[in-house]
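Common to both upcoming complexes is subunit A, partnered first by subunit B, then by subunit C.
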Partner chain A sequence: MKHYLKTILGLLIGSVLVFAFSSNTIADSHKRVDRLRAAIIGDESTINPFTYVTGEPGWNILMMQYDSLYTLGIDGQPQPWLVTKLVRSADRLTYTLTLRDDVYYNDGKKLTAHDVKFTFDYLTKYPVGRFAKDIRGFSSANVLNDYKIEIHLKKPRAGYVRKAFADVPIFPRHIWSEVTDPKKHQFESVTNVGSGPYIMVDYKPDQYYRLKANHKYFAGTPRVEELILVKFADESSSHAAFRTNSVDILFKNIPPEQISMLKGIKGVSIVQGPLFTTQLVIMNYDHKPFHMVEVRKAIAYAIDRQKLVDTIYLGAATVGSNGWIHPKSPYFNNQVKTRYNLAKAKSLLDSVGIKDTDGDGIREYEGKPMAFELITPNNNALRLRLAELIKGKLLDVGIKITVGSVEQNTWEGAVWPDFDVNKGRNYAMSMWGWSAGVQADTFRAPELVHSNTGVGFLNLTGVSNKEIDRISNLMDTEDVLARRVELVKQLQAAIAEEMPFITLMYPDGPYAYWSSKYDGLAYISGQGIVNKLSFIPKSAWP
Partner chain B sequence: MKTSSLAFSENSEISIVSKKRKRKRRFNSGRVSGIAGCTIVTCLILAAIFAKQLSPYDPSSQSGKPFSPPSAEHLLGTNDIGQDILSELVYGARISLTIGIVASIVAMVIGTTVGLLAGYYPRVLGRVLMRFVDIILIIPFLPLLILLAAYLGRSLVYTVLIIGALIWAGTARVIRSQVLTIVKQDYVLAARTIGASDLHIIVLHILPQVLLLAVGQFVQATSGAILLEAALSFLGLGDPLQKSWGTVLYWAQVRGVFLTPAWKWWVLPPGMLISLAALGFALMGFALEQVINPRLKNNSK
Partner chain C sequence: MRSSRGNRILEYLVVFVIAVSLNFFLPRLMPGNPLALLAGVDVGLMTPEEKAKVKEEAGLDRPLWEQYIDYWNDLLHGDFGYSYKQKAPITKMIGDRLPWTLLITGSSLIISAIFGVIFGAISAWNRAKPVDIGLLWTMILMGSMPTFWLGMMLISIVSVDLQLLPSFGAMTPAFFGTFWESVADVASHTILPVITLSVWSIPGVYLTMRYTMLSVLGADFIRTARSKGLSEKTVLFRHVVRNSLAPVVTVLAIRLGFAFGGTVVVETVFSYPGLGRLIFESVSGRDYPVLQATFLVITVAVLVSNILADMLYPLLDPRAKAN
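On to the complex of A and B.
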């Protein structure tokens, strides 16, 4: 019997060792893979520059077939891609770009300065969607030779490289010059001609996309020969398919509670990084006493953001900074401190005479109890939970919160009627969140806090602070990056001092993939893993 | 009545014996289910009343780590923000039972009123009301419920009203048919002849006769109302911050627990409590109906 057991034990150890070794060799991060199956949720139409549907992953998948003049590097900052040299005129109105001369569209035609000019002209003529907004301010383009072009602007625009050059795909003149109704024009999959690392060869609506590697790609042959994007109706079915390895990678963030479970599956890895989305508590300045900075600060002190991160996100988020900007941003001001301090919160409220005079545990302001409704959309479970916990925390300092879980439209209508801050606001406190774009470009911060709603068109709280306006105005005209960075750091300090909103946290973007099959994904800060860098040789990353 | 009992005595001995047996069996099964139902309902109601004493923690406090499995401290583990699931369920009995009972009281009041009016004025008003009852009965139930809940918003009061407004039709029918026979009774005719007003007759002579029937309907409706509340809350159409059994399931769903081993202690117990409560009221309802419902009473004689 003993002998028998030994044999079994030996066999077990042996097989475990063999398995460990074999999976080690499989997990070579630079191995080429014949086929990778990725799960996406919902249909993205034919994914050409005018038909893709979502900003993420629609745009990201689009950019696997196309290239832009600049592309985002791992740190989320724009890096030259099709461009080898950029010269900006002193008046900031003319950009002279020198292009690479070795870039081909996948139908064999060369990508030249004429295509760049055509792209800008075409988007001006047919101002459709995101890219038309990107190039706002464009006046004309002047082709100097096949690989040199001048782009003229009507007036200087800050961050033009990021907005226009790193976002807009350069599409082929020889294909699109004949198209006069880009909105309606649906390409056949075979004519989706771009210069990117992948070529779409097959598309079955509501089923899948098949992308083939472009072997002539200028930045090197993609590491995955065939990329299949499988469509799922909802998240849970895609997760079920992932767990059985029917798909190899999820092109959508996984919720925090799934991280530990998926990590437990042998062969699965999780890659995590900043997404630059935010969770905020905003307070309406028109609703007394939120016009008092002491009250706003007291509320900020009373909320234990680390605890919220640990409880709601199970650690998969970064604690919010009072200065709005993510600590992982290269322009983060590390002098701005964010603390949780109940005693400080109480003393701040006391200092402005907001005290509990009738002994019911709730403070009073001008004779009325400090009781407010914190509204939150009822289709966002995490926000609902955040509101629930904040309610408990604020009760500790004598502020009574009722959580109002309302329909998405009601919520948006109360906070941001018709998406126009000039139309006022009708709330006391609200949960809020901005998508990644608002913060990924650090220099967009004035949009949230400038009192002039022309600049501060995302000013949802009604903040009006002279110092914030002054720094914002300087930022708008400042041209030298180092000085702009200095200003944006000052702005963070000013925002922390004014506390127009409370930045609770920046959720991370966790992605799950079968690392036993494919590894070496590129997590672009603020963008995630769905990008062309994840599939081209690492040596070619900008 | 007399003729029927005469006919009874004319039957053969064997058939008398078998009928007696049948009656005994029915009586027993009704009694057993009644006792079982009463026990279940009583236990749940006691749990709801003594929730504070029975539950180990305050269900709204974060008493443990999020997503903890069952342990000595937390017998059913903790939910996504570290609240004790057992305490949530004990306190959940309050909301779930209250909504179920109040909603069926609402249904009983509407149903009895409509049934009384339709039975007492059968010609025009009765016809109109009963066609309306038919419409309510025909409408696909859950879609309408979801639509109403989504339109009106999420609060306890709305949940109660919506459920109540949709389940009264059955009660109305049963009451009406009973009223139709009562109005032909001699004492009602007598009251009418001496000039009693309609209101007087309905309230003093008819209502007492159908009240017991309404109570039986109410108990059965409660069973359905509890299930509906759970369905609404699970779909996120209740108030997700009120702790009912349905909302416990809702949070399990939105935090992806159905896919993890945690379903055993987070999904199964509230599911079983909902079934148990519905079963308890249903059993009680059946037993009551056998005693109260005149149709069933006549059959057994």
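On to the complex of A and C.
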């Protein structure tokens, strides 16, 4: 009997372990592959820290060639990478980092603390979008020895490990110290000197990048010898190429309607998980009557988000929370309720005197019909479809919507002129969405809602709420995680009460790949499947 | 005569100056700005000071007229500058893409010239007969098919279902074959874009040829030729077709100019690495320097092809010279 119990117990533990390890990875066949082809959209130029173009896939490809002090682990959280030890001073102004001593650039030179100092100093001198923001607050760096360095900040900055250490590539001093105009500098070779698992050996504009495995990579030889990143003009042509097996991986997540079709192809697998991107409806507080919380709440009640998820996303999304934060986040406040209730929507509008006085089915506010334009970019079919369905639902409560489909740059210019919220807003209602970084880092929520635009530099609606500001200010100075979590939960409740925007949904990231060709990809939430971990030995994962 | 030629040159110069000025102003009149390209995708996370610095580096903080003068200055020195998006010299970017564009647009131009002229001549020679009506309807159908739709249909049927030809690109990524294998590879990638372009392009040449030839067929000198007892073959090739070619050559010459601009739709559908795709991406991102340079290429090509047509016309139709 004991023997059987032991066997059953062993099997159970084994199953749990298998399940635990396979939950975020697609499998690990340990098979080495000569060549893999991944489809990307657009051209990312020569992909060095100053020339890459987009966050995705640009930054992801950049980080195939470079390493950062920390890297995102399989759970999407920063894990030590070039660093073996980090000590933060009590005043949160100094980070002392001990580095690995076995990391080399692909030209044979060692990566040392001098390169780390150089990277931070150089990015301060020549700021480049993403990295300038990452290192904000950096004061100076002090090299203690070849593998030990102090990073000093001007003032404490919450989440500095994720923002700066897990995002900024450490580039070689011996190469870049000669460069005085980094954005325009043209290197003779296409090969960027980095320490990452891959070395770029060929670049054909608008055609492809060819990356070769770095056999001296400190974390082990990559399992794929050659990585071809094939550039496409749009998604549909990349999907056609995928179906003909001309590419093995689609870098970008696929639209919901493609899931079942691609699943039906033998040898193709789909992996799906939270993307941490969002679909929102935002309302301009300067455009009356959106300054009234009752109106914003009425619109939120009138939209059936579950139906939008089922109809437009075919279920491949999570219904949005009124408190902004994804329900799968460990910091989600489950007391915040999100409901669809047409009667409640109507009664809220009635309560502030917005009624249909002339019997045409459209309510009036200050004598004018409740008719607004909902703008959306014309290059995003899903958003356009969402806007059309929202238009129908709002008509049910007496609000007339005209969907304005405008060119991307025009749309951004109306909502976020010059990407500076201080420059006002030229819209009434708009579809909107934030990239994964804003949602994945829960503690960035104040950036969306703080009335001080220095903090709330993503406040596109013009919301100004004392309670939100108070909680946000506390979050900025609170360093104890448990207290910060409590504050972020309070903030979710305050956002739901204020309703500055309506979080419609959090789309899932379905990614397609030919598992018959390579089955060792790692899915990182918010990062997709083409990342460093997908190609290095699993034993080296942080 | 000499003063007439001088006037013509002056006209072209004025058109050039206006066109080049429009190339500068039109992109800047579009809503939105290129800040996202200049500063990177996280531009919204930058402070106003950081954004101001980015604008200053690109010279976008200066008055428009100063930028306009600089633009002319750079242009006259042959300096197209750097792309906001790719941070690469624009001359190189155009040089990388123009040959691919010319490969498909040039091939399609030749095909449309040959088939357009032949079908137009057959149609006109057999006016109102079933072959004419059949060709006319076919050409109208071809001309009204949207190129993006046709391209997608060809990809779906020929590439995805039948797996006969590649669906994207100018050559297989990272292909390392012999010279002839590379030629075959490039050719196989060219077929579908060229078919798509030609299907759209042949009807224009066909209709011009058919219309002109019908006019020529009714002319007195054709009746005279026939009354002299010349064979139908001689009448057709020596008198009718030859006299019908002048307007067709003009149409083709103008199309040759536009061929340099690429074809945005076809290059996008087939992810073809040409100039049209570059223009499309530059318009979307407000990459002013690239737009200016690519539009300049088109401007110059169209003007040169017009000059070419002006010079060719009198050779094909001596009456133009006499006038």
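Here is the rule we go by: the second predicted complex is superposed on the first by the 484 of 542 C-alpha atoms of A that agree within 3 Å, B and C clash if a C-alpha of one lies under 4 Å from a C-alpha of the other, contacts with A are read in each partner's own complex, and residues count from 1 in each chain.
We take it that a residue touches a chain if its C-beta (ideal position, glycine included) is under 8 Å from a C-beta of that chain, and two chains touch if they have at least 3 such contacts.
The shown structure was predicted, so the numbers you read here are calculated from the model rather than taken from an experiment.
For the composite obtained by superposing both complexes on subunit A, the positions of subunit B and subunit C are free of clash and fit together.
Applying the stated contact rule after C-alpha superposition, one finds that A:F50 touches subunit C and leaves subunit B untouched. Looking at the superposition, the partner that touches the larger set of subunit A residues, subunit B or subunit C, turns out to be C. When the two structures are aligned on the shared chain, A:L314 is found in touch with subunit B, with no touch to subunit C. In the superposed model, A:Q258 lies in contact with subunit B only, and not with subunit C.
In the overlay built on the shared chain, the residue A:V403 is in contact with subunit B alone; subunit C does not reach it.
Applying the stated contact rule after C-alpha superposition, one finds that A:T180 touches neither subunit B nor subunit C. In the superposition on chain A, A:N422 makes contact with subunit C only, not with subunit B. When both complexes are overlaid on chain A, the residue A:T477 reaches neither subunit B nor subunit C.
Of the two partner chains, neither subunit B nor subunit C is touched by A:S351. By the touch criterion defined above, A:R385 lies against subunit B but remains apart from subunit C after alignment on the C-alpha atoms of chain A.
Taken over all C-alpha pairs, subunit B and subunit C come no nearer than 5 Å in the superposed arrangement. Overlap of the subunit B and subunit C interfaces on subunit A comprises residues 236, 240, 379, 407.
Residues of subunit C that touch subunit A in their complex: 30-33, 35-37, 39-48, 50-51, 53-54, 57, 82, 85-89, 93, 96-97, 152, 155-156, 159-160, 163, 166-171, 173-174, 267-274, 277-278, 280-281, 284-286.
Taken in their complex, subunit B has these residues touching subunit A: 60-62, 66-67, 80-82, 150, 153-154, 236, 239-241, 251, 254-260. Those residues of subunit A whose C-beta lies close enough to touch subunit B in the complex are 236, 239-240, 255, 257-258, 261, 311-312, 314, 378-379, 381, 384-385, 388-389, 392, 403, 405-407. Subunit A makes touch with subunit C in their complex at residues 35, 37, 42-43, 45-46, 50-51, 53-55, 58, 127-130, 132-133, 136, 183-184, 186, 202, 204-208, 210, 226, 228, 230-234, 236-238, 240-241, 243-244, 246, 379, 407-410, 412-414, 416, 418-420, 422, 435, 457-458.
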